[in-house]
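What follows is a pair of complexes built around subunit A, which joins subunit B in one and subunit C in the other.
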Partner chain A sequence: MLSLREYLQSYQGIEIIIWENKEGIVELSSSDLPEVLSYCLEIKPRPIWLTHVVNDERQLGRGFCLYLVLHFPGKDFSLTLVAKGIKEEFPTLALIFPALNWSEREAQDLFGLHAVGHPDPRSLVLHPGWPQGFHPLRKDYKAGDERKAFDRAPLVFPEMHGDGIFQVPVGPIHAGIIEPGHFRFYAIGEPVLHLEAQLFYTHKGIEKLVEGRSIEDGLRIIERVCGVCALSHGLAYCEAVEKLANVEVSRPVLLWRTILAELERAYNHIGDIGNMCAGVGFALGNANGSQSKEKLQRLNLEFFGHRFLRGVVVPGGMKLIPGSKDSQAMLNRLIKLSDDFEAWIPLLLEHDGFRQRAVTTGVLKPENAIDLGVTGPAARASGIANDWRELHAYLLYPELKVTSIIEQDGDAWSRLMVRVKETRESFRFLNTLLREAMQGPEFNYDKPVSIALGKVRPFSPTWGCVESPRGTDVIWLMLDEQGKIYRCRVRSASYANWPAVPLTLPGNIVPDFPLINKSFELCYSCCDR
Partner chain B sequence: MDELFMILTRLLMGIGHLALFIVAAPLLQGFIKKSKAFWQMRQGPPILQPYRDLRKLMKKEELISEHASWIFLLTPRITLAATLMAVLVIPGVWGWAPLSVWGDLFLLGASLGLVRLFLTLSGLEGAGTFGGMGSSRELFLGLLTEPALLLGLIVLAFITDTTSLQGITSGLLSISPLYIPRILALVALVMVSITEMGRIPMDNPDTHLELTMIHEGMLIEYSGPSLALLNFAEQIKQLLLLVLLAQIIWPSGLISVSDGLLGMLLALGFAGAKVAALGFFFATVESLFVKRRLFRAPHYLATSTASAILALISLWIIRGQI
Partner chain C sequence: MLNLLLRKLHMGRLTEQGINSQIAQIPSALPASFRQSLQIRHLACGSCNACDWEMTALGNSLYDHQHFGIDFVASPRHADLLMCTGPGATQLVNAAHETYEAMANPKWVMAVGDCAINGGVFKGAYASSGGMDRVLPVDFKVPGCPPSPDDLIKALLGIMGK
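This part shows the complex of A and B:
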């Protein structure tokens, strides 16, 4: 078998733009995409998709462009396939790689391009009621008055016929304080046959909103895409900007960014573990989880000024770096919190009733997880070792020697166990990192290492990628010649994982859905954007 | 004249009995919530909150689905009336029940059955899926709880040779608390009571998860005063079950005016303490256990039925006859 590069070189009509140690960008015609992607997917270990971006570059004379970023684990090599000059249609890749299903439907909605041969071409992001020809991400569309054109129309769902089959509509308004999403169960009695999830109620047009904004404004918006992985989104965005500007950040900055990422993981994982208890009505576990999460968030507030860790990371550095005294205090607090976590977690893990509910519930098969490009704890619970901290050398993770924590069964219990073990790892990493921070030199507060933006490469595609608590977050970024954002695509972990949730349901009973849903604990806001 | 006086006193005592249950029911609910909050390391709502909630609901506007029929409006009234009917046969604080005649054990079962019948019907009224799911699950559980409840009480009736609940509780005074059939019957009744009260591990009274609801599912279409009546009836049912359990576990016997005011007040305090202890016990169970998978419910309920049957068999073995 030829190496990837030899294959691409020998392929007629492929132009290699960049081929470096870690990254490659190649241009090809959109009609060649299916064949090249099929070839790439045959390579072992199988590549994972990072993001799929459509961009309107007609002003630059390049038509619509399609960027598909793949990552080849093992070699830590990322390949961007660029198809330029798309006019109205592109061949679908969803048949070869179902993970791209949603991205292509989204491109159909927001750009008005046609994915030829797509197996499920229903609209995804835009709900029924938007007028024909409303394609907001085209550059010639000026946002502002679209609200007036919206004429509310009922949602359309597939029909299912048969004796005793009925539909259970749930949402978009739920009884708890959660985000909006409509779920439609097709059930016979209690067992579920099929689930349709209608999301994108909170589509805010963020990708349109950031266009033409400065890098700083973009960061503020991207950090607010959602409230659970705020730091990861911001960090991925900063990495993308730094890559474009060719900036190397110093070691203390890397150190503190790693600490922040692990703090975010710890508080999210613990909160998610507690939430799973709420899914089975286990009040004591839920109370313990909420309490630990709150303590961690207060620690965030105290040392970094924000419960969700917003506004700490900036392109090129950090807004503030705590001194050694603060590091010592933080370490002491975290050791206490870690002991506290170890004290209450057996309550859950040794609870027969809880095990009975979670084991064999909501199984995500590994082949489904691979096909749909599932990421994060959801994939690792199905035996797929795809922790971005292990796959890709970034921050201080290579030094920490992160290994993906995997479970084999793919059920709600496995997803819980992955979170529990990762939380322990996070506490261990935080211990190591904070010990280094304690010895480090003192830093000045409020003195961000600023970035010289003059040398940012215009109209060049780049991406930043961070392992968030829910999986790999990818921010894809392109700046214009004035250093303003030309296109920014947010592919959050939740966006990658949502299509997998309905697949885990058939065979389970309706009352188990809350537990299954909570074992994924996906975010609606950063999926809908 | 004497006869009239007798009737009047009995009537007054009956009204007093009902009034005590009506007043105390929300208090018990508040206490159980407070106990759960204790386990969850929270402050919890004030103990008087259930009264405020009822008052709030009574004042609120009531919305009725256009698909609903007269059953929908009738159900809250029937539910409350049938629950109060059941209260009349429960021996209260002073071990006395306004209705104490042959067979009132079955009156209890029938009243609770009537409540269940109308609740499941009204669950279907709103033509929503949650109500229908709640009704189907309620019947599924009801099918399994009712035999255990009746059998458990019947064993007690055999032990004390009466089917009057007042007779049963005063008869149990002379039976050892460690009498095997009594213990087994008690186990069955405690397990059934959890289901009847709609608590974990069978149902979750606090749930916001629409998909898992049973009792709350049937009430989902109700609002305003009707919801207040239904919630109130549920609280009374909870209290009457706990009072009955308390009287079976530790009967206080018949206390009358002849014991003096102090004696009567002491009995009131004793009964309150017993019910509070049981309430705390159930709150603890609810905090420590998780809700079972619905299709595992038969295992749990089969255990309670088996326990009741064992009680019957052990009684047969001990006595040589029934």
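This part shows the complex of A and C:
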């Protein structure tokens, strides 16, 4: 990273605040951002986008601040570009890095700032119908009754003209047990020409809600941003808090956190494989996936007290760590479940009808995936090796020698295969990790390391990052001088991946959408927050 | 194919028996003609997705809600009961009203999970109603964050008087 450092040092007006082995923070003017970002994006291998945060720091005399966190794969180096002193507008970066499109529109909605030159003038997070001047993430906004004033207003969609073009509006309430979102298909005959996905129906205002809360209260809410990636979000949050407090957790804690993360991946991937079958009406495949998932969730409940693994990971450690007997029992159960998985998975993989629906359906081109900063199995199915467990040394993953599992075709079948292979790998990791847990001495583990609030660095930006089953979840966190949350930004994997879904539709037929959608298997809640 | 058949024989019946042996504590509030079969429409109103997944889990082979006469339907017009999850996100309130209006009478509403009952952890958020009873007339409540599939089945059998 020397050349990057030299470039930044020689750049007029850039101040290097921190430059360590793995992390750098530099401050610059927002007008220099496009040029510096363009330079960074030219570096090979190309950096990936972790998060983009706008923060109202006017009380600290810094105006509005924009934080852009990039990660340079191969070197495991993360660079935070900080543009401070923004008053009303900042130049858009979406034109050089389309991954930031949504994030900038969100900043326009929630902070009332203007992203100059942004190609899409529509609001994103706040649907039309909110009162004028409602920018809830500004610090001077006090919770009022705006929601009662929210009135229905028509959503804005592009028009499309031509012979035989028609629109199919679907949602926000769907026919099934799924979350709400509005999809508008522009079709000509059977093939889809264009898809508009209008999300953010489940927006609740969580990022505002956690402000001013204690670290513990914050965790309770962050774990409920997403039901099925609860552990990943909680873990990323705890990592951020521990970084701020300079707390190192012990090896048993790292071991069990890794086990939990792999348990979450296993139950999600297996459930998602089953759901893909539901997307094509393949009931037997779905039945097998859902019963396997249920058994894994029951294992979660039995050993960790929660079917979605909530409340197990806490800042500074773990609430509980199972003993060696439990580890043995867990391992035996997992071996059986892994055998069961191998028994039913050929049913899908060798099923001609299912293959024919999934192969070449919903292709995500690698260049689109790179431009949009797609993460997780969706990116890996398009040949992009960006598994955060490989890119970044955290938990016990360096010892497990994780390598990204990739497929090249980018279709629904590839996304299925990435999940199948990752599930096998998760079972293998769990086997290794539980054997260590079993054979190691009884851990003398009482309680988590307490976070000394006096030692937590106030107003210091930090992030925690975890590879969830859907991709890299990023929690960006800043605490105030009392150790309360000043700003917490949740960039879930779903938030990064949703913009890519509409690009995979054109050329496919409308009935393929359930399969394509389920092959991405994105959440709405952690995207909408 | 042979392997699958052998596996099925080896595995036997997955669906658990016993849940339905409980006797409802209170008499059913539903008219007699609704006690044998209940058609449900799910309405996500800003939940974190956990309650929704637990409702989906009711359909797996271990719970198999259909053998109790309970089914999830695609349209509110076919539904007797609306199972709502989430605290009532502001941008969904209109859709929730429309869904409720589309249901034929008699109809009932169930608030599933703590945040549907009183806002749960999302109480006080600027775009959350703080409970589904502020949006729709709620008849039944199932607490939990999220309620387990067992809790849900018991609640449903309870209101059916089974």
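In this text, the second predicted complex is superposed on the first by the 519 of 529 C-alpha atoms of A that agree within 3 Å, B and C clash if a C-alpha of one lies under 4 Å from a C-alpha of the other, contacts with A are read in each partner's own complex, and residues count from 1 in each chain.
Heads up, the rule we're going with is that a contact is a pair of C-beta atoms (placed from the backbone, for glycine too) under 8 Å apart; a residue touches a chain by one contact, two chains touch by 3 or more.
It should be emphasised that the depicted structure is a prediction, and the values quoted were computed from it without experimental measurement.
S.K.: Determine, under the contact definition given at the top, whether A:Ala343 touches first (subunit B), second (subunit C), both, or neither.
M.R.: So A:Ala343 only meets subunit C here.
S.K.: After superposition on the shared chain, which partner residues are touched by A:Gly279: those of subunit B (first), subunit C (second), both, or neither?
M.R.: first
S.K.: Looking at A:Gln291 after the superposition, I want to know if it touches subunit B, subunit C, both of them or none. Which is it: first, second, both, neither?
M.R.: Touch partners of A:Gln291: subunit B and subunit C.
S.K.: Taking the superposition as given, does A:Phe97 touch the first partner, subunit B, the second, subunit C, both, or neither?
M.R.: Neither partner.
S.K.: Going by the contact rule set out at the top, does A:Tyr237 touch subunit B (first), subunit C (second), both, or neither?
M.R.: A:Tyr237 contacts neither subunit B nor subunit C.
S.K.: May I ask you to name which of subunit B and subunit C touches more residues of subunit A?
M.R.: C
S.K.: With the two structures laid over each other on chain A, which partner does A:Pro172 touch: subunit B (first), subunit C (second), both, or neither?
M.R.: second
S.K.: Check the residue A:Arg147 against both partner chains and state whether it touches subunit B (first), subunit C (second), both, or neither.
M.R.: Second partner only.
S.K.: Between subunit B (first) and subunit C (second), which, if any, makes contact with A:Leu209: first, second, both or neither?
M.R.: second
S.K.: Can you pull the subunit A residues that subunit B and subunit C both touch?
M.R.: Overlap of subunit B and subunit C footprints on subunit A: residues 175-176, 287, 291.
S.K.: Could you please specify the touching residues of subunit A with respect to subunit B in the complex?
M.R.: Listed in rising order, the residues are 166-170, 174-176, 189-190, 277, 279-284, 286-288, 291, 351, 353-354, 356-357, 509-514.
S.K.: Can you name the residues of subunit B that touch subunit A in the complex?
M.R.: It comes out as residues 36, 39-42, 129-130, 132-133, 136, 200-201, 204, 206-212, 286-296.
S.K.: Along subunit C, where are the residues that touch subunit A in the complex?
M.R.: 3-4, 7, 14, 42-57, 59-63, 72, 74-76, 86-87, 89-95, 98-99, 115, 120-122, 124-129, 145-146, 148
S.K.: Which of the residues in subunit A end up touching subunit C in this complex?
M.R.: Subunit A residues touching subunit C: 127, 129, 136, 143-144, 146-147, 150, 152, 172-173, 175-180, 200-206, 208-209, 220-221, 224-228, 230, 271, 287, 290-291, 293-295, 297, 301, 307-308, 310, 343-344, 346-347, 523-526, 528.
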